[in-house]
Structures are given as structure tokens and as C-alpha cells.
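Chain IDs A, B, C and D follow the sequence of writing; residue 1 opens each chain.
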Amino acid sequence: MPKYSEDFTPQEMIVVAGSRTLIDNKVVFAGTGLPMVAITLAQLTHGPGIVPVFEAGAVGPELSRGLPLSVGGSRTTYKANYLLGLNSAFELTQRGFCDFGFIGGAEIDPYGNLNSTMLGSYPDGYNKPKVRLPGSGGASDMACSCERTIIIMVHEPRRFSEKIDYITSPGYLDGSPNARWRAGMVGQGPYRVITTKAIMGFDDETKRMKLIATLPGETVESVQEATGFELIIPDDVYPFEPPTVEEIRLIREVIDPLGYFVKKKIKG
Amino acid sequence: MYWTGLSPDEARQFLANKDKSKRDKRISLKEAVQKYVKDGDNLGIAGFVDARQPIAIVHEIIRQGRKDLTLSYQSAGIAAEYLCGAMCLDDNKNSIKRMELAYLAHEAFGISPLLRYLTENSLIEMEDWSNYNMSARFKAGAMGLPFIPCRSPMGSDMLQTNRAIIQDCPFTNRPIMLLPASHPNVALVHVQEADIYGNCRIQGPLFTCPEISMASAHTIVTCDRLIEHDDMVRFPNRVSIPYFSVDAVIEVPYGAYPGNSNGLYYYDEKHIPEFRDACEKFRKGERAPLQEYFDNYIFGVENTTEFINKIPLNQIQHVEKIEPGIRLESAHTVLGS
Amino acid sequence: MYWTGLSPDEARQFLANKDKSKRDKRISLKEAVQKYVKDGDNLGIAGFVDARQPIAIVHEIIRQGRKDLTLSYQSAGIAAEYLCGAMCLDDNKNSIKRMELAYLAHEAFGISPLLRYLTENSLIEMEDWSNYNMSARFKAGAMGLPFIPCRSPMGSDMLQTNRAIIQDCPFTNRPIMLLPASHPNVALVHVQEADIYGNCRIQGPLFTCPEISMASAHTIVTCDRLIEHDDMVRFPNRVSIPYFSVDAVIEVPYGAYPGNSNGLYYYDEKHIPEFRDACEKFRKGERAPLQEYFDNYIFGVENTTEFINKIPLNQIQHVEKIEPGIRLESAHTVLGS
Amino acid sequence: MPKYSEDFTPQEMIVVAGSRTLIDNKVVFAGTGLPMVAITLAQLTHGPGIVPVFEAGAVGPELSRGLPLSVGGSRTTYKANYLLGLNSAFELTQRGFCDFGFIGGAEIDPYGNLNSTMLGSYPDGYNKPKVRLPGSGGASDMACSCERTIIIMVHEPRRFSEKIDYITSPGYLDGSPNARWRAGMVGQGPYRVITTKAIMGFDDETKRMKLIATLPGETVESVQEATGFELIIPDDVYPFEPPTVEEIRLIREVIDPLGYFVKKKIKG
């Protein structure tokens, strides 16, 4: 019986949930930030055989030299099993070598489409965004071509929206049958959405987001309330097992002691 | 269809007529920028986010002043932020007309304040792509192809405003995306090691540096150290950019500082936030810190050596020391002067 | 449109479902061929002409016997000639149905007698391409693309009978050639060095080995020597094929003999003509020398060690000694058993 | 005044003519066989700055370790300035890095189109060739995408034919205006044809082969007689300067002492 932590932040909870979602011995394409932390945590716990891939070129490095500040930094390259550049990393993905992609975004819709480009009116207002975000980076490529994607989000009503301003990284598009296949994509699409409040998946039929588990301190109602569209609520929603003392210790002391990605405090 | 930089046919013609001989290409950075970087050019910016970006070259461009630039890159960080900052401070001296990009920000160090400033005020034209798209566009250019197919990000809104074309694959009948090649006028590249002919040996991720160089009409390379040609060609499988793709080579130690140069120095976790904070203040209406930053570190110095001299020695020693257990891998002789 | 081997969508599906974990992939060559090479398969043959061809693997296939094979390669030499010879001697045991190729011959050692024999007697189906075409077809496969554009050989008669398509480039309006991807069922690859997980370090020209491996459903790798994993990943920029593209790895010293393995042994300028002469005699109607060659060197031995034992020691020492001044470049520890 | 050799074979003459056609400091993509010998001779005489490229991947090696038996052999890689694989070599060529390509063939027509695939009827008889040749290799790629090509041939009437059985490596196609450009090629096409009897070029207008110089022992008439189609004979045809003693010595003693490519005797 593991000892559960009684003191953890929402971001730490996300990291733990992300880590537990990963399966040992799978190839995981890591987006920047929390995904890198979650992969490292999984490697240190149940998934020592997880193979991280970084878009700047590194495949399967040891992440034992400190948390990478960037998916292109030196710490992604130590003892890598292959190391060319962006084209090679994305080609491997397009070919089918990456089981999971691990990405984030600023906005998400019920079909798992993500926005990391801009807030405002598009295409009309493309040259006058309300808020300009950093842009796709490799997230849209991962969303299309990794076999499955895991999405990490901060859970706020304005970020979960029936209609998002811009689709950067495609999920199930409009949710119509075989929408991804018809659009020309090769990956199967979003697998899980992991937030500060819940674990969600997608309905097999409608491809709309459905609740799978509530995180500690949350209820079905509190999750729905924080979501800007209606979630599918199946009968078997369960409470997610809280972070263990060991998981939190690993995050704080081993993986991100300086709090680069796992801030001590988080809004929302 | 319009092309920025060179069209595929122009790029072929230009290279076919070019002198591809193996000759000493050392020149000062000042001269290289004078000779190869023109107002209105499309510049291919190598590196990735804040790693191995051509900081020394960009500082020199800013000192000289260039206008109406198009910047092409997959994911950029400080190199593009510096150019944005120069434009923010005085767009009569430096200006960006357009960016073709996948990402501009600093990952762990935060978003790009000046991307927000310039776009939210409609001061530059944007063309959004994914990282793979921009990398593949340079690759198509490097391969001498007018386009390259790609399977992402089909379904994304990016395709509404960029120049990608979707057609049915004539072999499978499924839709596929075609990306137009990118041929910048000048590639700006920083590497760890080069020889006097321009052969480059990159350690760590290659990013899209070889493709950007080979796609461009001209390439300026700065290197942390010049090494003997014989030490370069002793390991032919490790040459990342062949000499005939390079026009000018300049030894500039710390040429990617305050970013990461794999095997030599890590990100400066003090200096990058110092610069970024000044940018963020500018975005919020406070101009002075950014002006001071530029006056102190760029306009107030002649070159990268003087810039580095302004950084406390222990800070430089620190970024060398924490470069995590990876040292440049091959034997070499540093070239004497 | 028809596909040989896997179609692009089948190839993606197959790889998506495949176990890509990092595990010890050592297995005997006999088992590897039993497990992965089936009658009717499309085999991607790595190497180039008589250099670093998968000779040990091909000998084992011939000993076991495989029928109705499709051979895909850019330029092949002895590996393909051996398979042709096995078919010429007994097409109930070994047979080639089709070749997708750019070239089959031996450069300085002469043309391929058995290519002439089999084609001039209409015994195999041919699909001619250029070297770049076949290399780019494997590359498209490795990139997960259904096709890749190419600018040669437009205007050639090859296009009348192969599956290339010409269309107008939607960006430049000039005609461009589209090559369908190639996804063989099995890639047969010989390299100098591999580790137990399948990571490969190739010295010298890579030929099209990485692309063939990554395009194929399965890859069998033989290596002149197995090295410690830590010695492999100490130089990540030198890994030529990543482990997850490889299914089986077998240490077979001289696995490319009598061909050239860069850094280890040169072409055997006695043995290659000995084999080729037997082929030429077969073409001219004299069967015995070829039968004797196969009985002696392939059917009469269990494995490559026994094959090499039949070559005079000084001949082996000679091909090692004349390998011209190039030795494998990196420090390594040979893996104990 | 150089001393001329009084004892040389037709193949040696080809090599000398090929060598002299090359310009110093140019990038030359080398086909297998005599082109490799000619490039080496040029490097040892007037063209030390010539940069050879080999289709198997090597760029700019030193050819000081013996004549390569193959364009993929170890001897092409010594001190190379770049060394990947076939795709990289042909991509460089397609991009425009190769000034000259140096190729051969079994048959040639008046427009410099070459056959190295098959003799017989095509496409009908594709599966029953009269003689099957080795195939294109990289020659057709060089013919299309090097900026200019230099062709090396044995000069026999049956090899110089108004109509060849199969176009492997395109020259000027049917000779019509801009035929290469319209077909989608990027290189400018054949520059010289060097044979055992003559040096030829192509008429600017008609793109048909024209005589430039006769090799020692040949006349305009003897060359025309050995050619299966009518050559354009301009007024300024001149006799080619014979091989020097030094050139022949370099071929025999330094470059190909074992006579791999430069046979001591040659038919035709």
C-alpha cells in the first residue's frame, strides 16, 4: 500500500497523471515542458523502458543529466541512440516509430483540437491577433503523426471551449466518422487529456471528450463546471489515485528541483 | 504563388553559376555581413529555440542595421527576439517585414514578448507553419526540389493562410500536403567547429542547420573554434555541412551565447531572463530597459569578444562547467592564427 | 497502381503495431532468416555494387531456399548475382520473380552475366529506375511518405515502363516526376559495427542502408563486430540506423566478403572474378563451374566462418592489409560472448 | 614544348582528352571507370582543385590511395569533405552543386542521348532484350541534373546511331528548342563527347553532335566513317594535341598500374 502525498500542487498532479498514463517500452515523442517531466517520472517509476524522442533530433537519450530546459538542449542528447535533426525526428514519426506524442496547448475543443497559435478572429484577424501565442512548434506534427497523443492542459473554462479560435494541432476535427483519415493524417488521434482536475478520453462514436477520472479534490460536477463545453459523463468515472509521496519527492528533488516547469504555485 | 527569397529555378541558376572551389573563406564578421546580408533579404535562421542560434551574426547585423527582412526558421528564440528588439527600438535602422515560422518563444524561459508586441500591433506579416513544415521546406530547397510532400499538419488552420497545397496522392488517392521549398538569400549558422574552407562539424542535434545552409544562396558560418582541415576530414562521416555550401567562415568563440552550444556551454540561465525581462517590459510600455540592454551589450560593443567581456567571468565559467557531462567528441587541433 | 512489398498505408499500420522496445536482438542468422524471410517477399538489398552487400545473409537464404522473391536495390553486385546463380542452378529451391533496380554489374570486375542470362531468356520481370530513384523511393518509405518528387531521369525511356508519374508542379508549373515509396518486407543490411539492440554505426558511404532499413517492415543486420552499447551511444551523432528499426542483429565477421567493408577489408580481387567467371561460363552454357562454386562455398558450408575457412588465409590477410589506410575511426570495446 | 608520347592506346587517349576537358576548381560528379581515371589525371596535372563527387556518397576525397574499383569503394572516401550516401550525393547534384557530370554509355544518338539499359525493341521487347546492359546506375541522374555532362564513348558506328534502342540518360532529347527545360530537367545537358577518335560538341541551334577535334591518327573522314549518323563538320575542326609522355606515364605508373579501367589493348 503506497503512501499518498498530502501536499502537492495541481501541476505536480498533472505530471503524476501524465506519468501513469505512459506505458513501459513505448516510444514517446516529448513536447517541451511538463511532458518532459512526466516522461522522466515514468522512467524513474514504472516505465524504465520508455524511449523518449525529442523533435530537435535526439532519440532515446538518458535523461539523467538534469531536466532539459528545451527539447533541443544538451540534456536531451546524453547517450542518445540516434541524433540527427528535426527532419529526422519528424520523419521517424511520420513513418510510425512514435507510439505516443505528448503535447499541450492554450485552448482545446470537445474533439481534442488544440490551439497554440493565436486568440482572436481567424483568418480575418490573423494580422491583428488579440493574443499571439508562440505557434505550433512541433505539436501539430505530433498531433497528426504520432500513433496516439496525450494532451496536457491547465483546466479552465476559457481554455475548454466548444469552438476554439484556431486549430493548431488537429484532434478529431469535427468528430465526423474517419475525419482524420479523410483529412490525410496517419496517426489515430488523441488518447487522453490530462488536466489539473481530471483525466479525460474520447467517446468512440462521437469523438467528443468524455470524463474518465477525477483528480483528488475534484468531483464530476467541479470538473464539468470548469469545462466550457458539455463533457460526456459515463457511469464508470472513478477518482484518480493521488500522487504518492515517492512520486512527489522525485519531481521536487530529482527531476525539477529548480521548478522550471513544475512551478510551486499555479494559477487556476 | 509567390516566393520569398529565391524561387526554385532562381536558386538552381544562382548555385550553378557560383564558384564552388575549395578556398580559404575566413573573413571578418563585419565584412561578411556587409557583403552578404542586404536590405529586403530573406534570412534563414539556424539553431533551435535558444540553442546554437547565430547570436554573434545577428548582433552584427543589428549594429550595421538592415531593413525589410524576412526571417525564416522552424523554432527560434533569442536570435529572432534580438532582431525584434532592434526593430522595436528603431525601425528606421532595423526592421522585419515578415516571418515564416513554426514557433518563437523560449520554452522554459517563457514566451516571446516582442512577438506578441509586433504581431498584436500588426507590425509584421506572419506565415505560420509547423516545425516539420519549415524543416522540410528547407530540406526541399537543399534537395533542389520545388516542393516536398508532408502528412502534417493536415486538418490544421495553418493551411488557410500559408502556401501549402493539398492534393490527392496519385498513388494512394489519399490527400497529401505539398510544401513549397524555402530558399533564403542568406543562411545564418553557428556551429562548434569549422575549417577554413567552411566544412562544419556539428555536435548534438543538427537541428535544420545543414538544410538551411544548402537551401540558401549564401551561408555565413560562425564557429566556436576553427580546427585544422586534416582534423576535419579525418572523420568524413562527421562533416555536417560541406564546404561548398559556405561562403564565409568566422571564428567567434561564444558565438551562440547566451544560448546553448552542445559540448561547450549551456544556456545562461541568468542572462537569457535578463534580456527577456527587458523585452517583456517593453511590451508593457517601458522602453528604457530594452534600450539599455541594446546600448550596453550590442551597440556599445564592437564584437562578441567585447560582449562576452561584459558578462561576469564566473557566469561564463558556470555555463561551461554545467554543460552536462558532454564534451566535444573528436580529437582536433585548434588552428593557430 | 500496384505496390510490391507493403503499400504506404500497410507499412504505417505494420510499424504502428510493432514492438519498438529496446531489447537484446541477438539471434542466429539461421533463425533470423527462418523467422523473417518468406517466399514471395520483397527484399531490400543494402550496400552498393560489391561494397558492404549482405553476403552472409544472402548465402543463408540460398541454403534455406526462398522462392518468388522481389529484389529491390539501387546498384547491386555479388549479393544479387548469388541469388541469380541459385535460381539458375535450381529454380525449385530459389527463385527471383522480379527486380526493381538501377544497376546490376560489378564495375571494374565486369558486367553481370546472370542478369543477362535471366533477362535475355525472359525469366524475370524487371522494373528499371535510376540510382537516385531507387534511393529516393526507399527514402520516401523511410520518411513515411507515399511518394517523393525527383527531377531525374525525366526524358528517359525508363518512365515508359516503371511506376513513376509526371505531373505539373503546382508551385512552378514545370513538370516534375513523382516516385512511389518502396517498403520491402525485409531489409538485408551488413554494417561494420552494431550493438545488441540493433543500433548500427556505418563507416564510409552510408549508401542507402539507413533508408532501406527504415522503409522495410523488418530488418536483419549482420555486423563485422558487435560492440558495447555504451561505446555506441558515446557518439550519438555517429549512429547510422537506430535500434528500433532493426529486428535481428548477428555478429558475422567478413559478412560482406568477398566485397569491401570500409575500414576492415577491401574487395577480394581474386575471389570476385572467380565467382563471376563461373557465372559467365554458365551464361555461355557451361553449368559445372557455377554448380561447383555453390557446392563448395555455399551449400557445402554451414555459415560464413566455414566459407571464410575455405579462402586461403593469406588472401584474407591481403584484403585486410590493402584496405587503403582507413581504419575504423572510433574507440570501442568488442563485446565478449 | 611538351614531349609527346609515341606509344599510347585509344583508351589512354580518351583519358587524356577527358582530363584536358576538365576545368580546375570545378565540382565533377564521377561515373565509374574511365571518368575516375581522367579526373585523377586532371588533378595530377592542370586541375589540382577539381572536386570529385561519387554517387555512393563521397564529396571531395583525396584520390591518393589507388584507383577506386568502384564509385562506392573505400578509395573514394579518404579525407572526404562530406560523406553520407546516395541520396545526399544526388540531392547535391539536383540542387546545383555539381558543375560537370562525367558519364558513359553503350549507345549514343546525335542529340547526346545515351543507352545503358538494353539492346532490342522497347517497350514491347522489354522483357526479352537482345542484350541486357547493366542499367542506368546514376548516369541518368547525372545526365539530367549536373549542370553540364561530359560523355565518354568507344567510337564505333553501331554505338553512334541516329536512333538508339532506349534512352537511359537524356541528352538534348529530340533536339527541339528547350526540350530539356520542357521535360523538367535542371541541368544544361551534354557539353562534350570524348571518344577513341574525336572530341565532339553540340550545335547551339540544332543540338546535333558536331566535330570539334580529331584525335591523333584520325581525320574528319575517318571519324565520320566510324559514326552511324551524319556529324556536323564546322570549318574550325582541329587536330587534338597528342598525349604527352608525362600524361601517359601518370596513367600507367601512378593511376591505373594494374590496368583495371585502362586496358592495354582495346577493341574498336
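The rule is short, and it goes like this: a residue touches a chain if its C-beta (ideal position, glycine included) is under 8 Å from a C-beta of that chain, and two chains touch if they have at least 3 such contacts.
What you see is a predicted model; the values in this text were computed from it and never measured.
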Most distant chain from subunit D by Cα centroid: A
CA centroid of subunit C to CA centroid of subunit D, Å: 28
Chain centre separation (subunit A, subunit D; CA means) in Å: 57
Chain centre separation (subunit B, subunit D; CA means) in Å: 40
Sequence positions of subunit D contacting 2 or more other chains: 58, 77, 83-84, 94, 145, 186
In subunit C, residues with contacts to at least two other chains: 144-145, 150-151, 174, 176, 204, 206, 234, 237
Overall pattern in which the protein chains touch one another (line/ring/star/complete/other): other
Subunit D contact footprint on subunit C (complex, rising order): 48-51, 74-75, 101-105, 107-109, 111-112, 115-116, 119-120, 122, 125-126, 128-133, 135-136, 139, 150-158, 160-161, 166, 174-177, 204-211, 260, 262-263, 266-267, 269, 323-326
Interface residues, subunit C side, partner subunit A - complex: 11-16, 19-22, 141-145, 197, 199, 214, 230, 232-234, 236-237, 239, 242-245
Sites on subunit B touched by subunit C in the complex: 1, 7-9, 144-151, 163, 165, 167, 169-172, 174, 176, 178, 180-181, 202-204, 206, 234-235, 237-238, 329
Subunit D to subunit B touching residues, read off their complex: 25-27, 49, 51, 58-61, 77, 79-84, 91-97, 99, 145, 147, 186, 188
In the complex with subunit C, residue positions of subunit D that touch it: 32-33, 54-58, 65-66, 69-78, 83-87, 90, 94, 117-118, 122-123, 126-141, 143-145, 166-170, 173, 179-186, 260-261
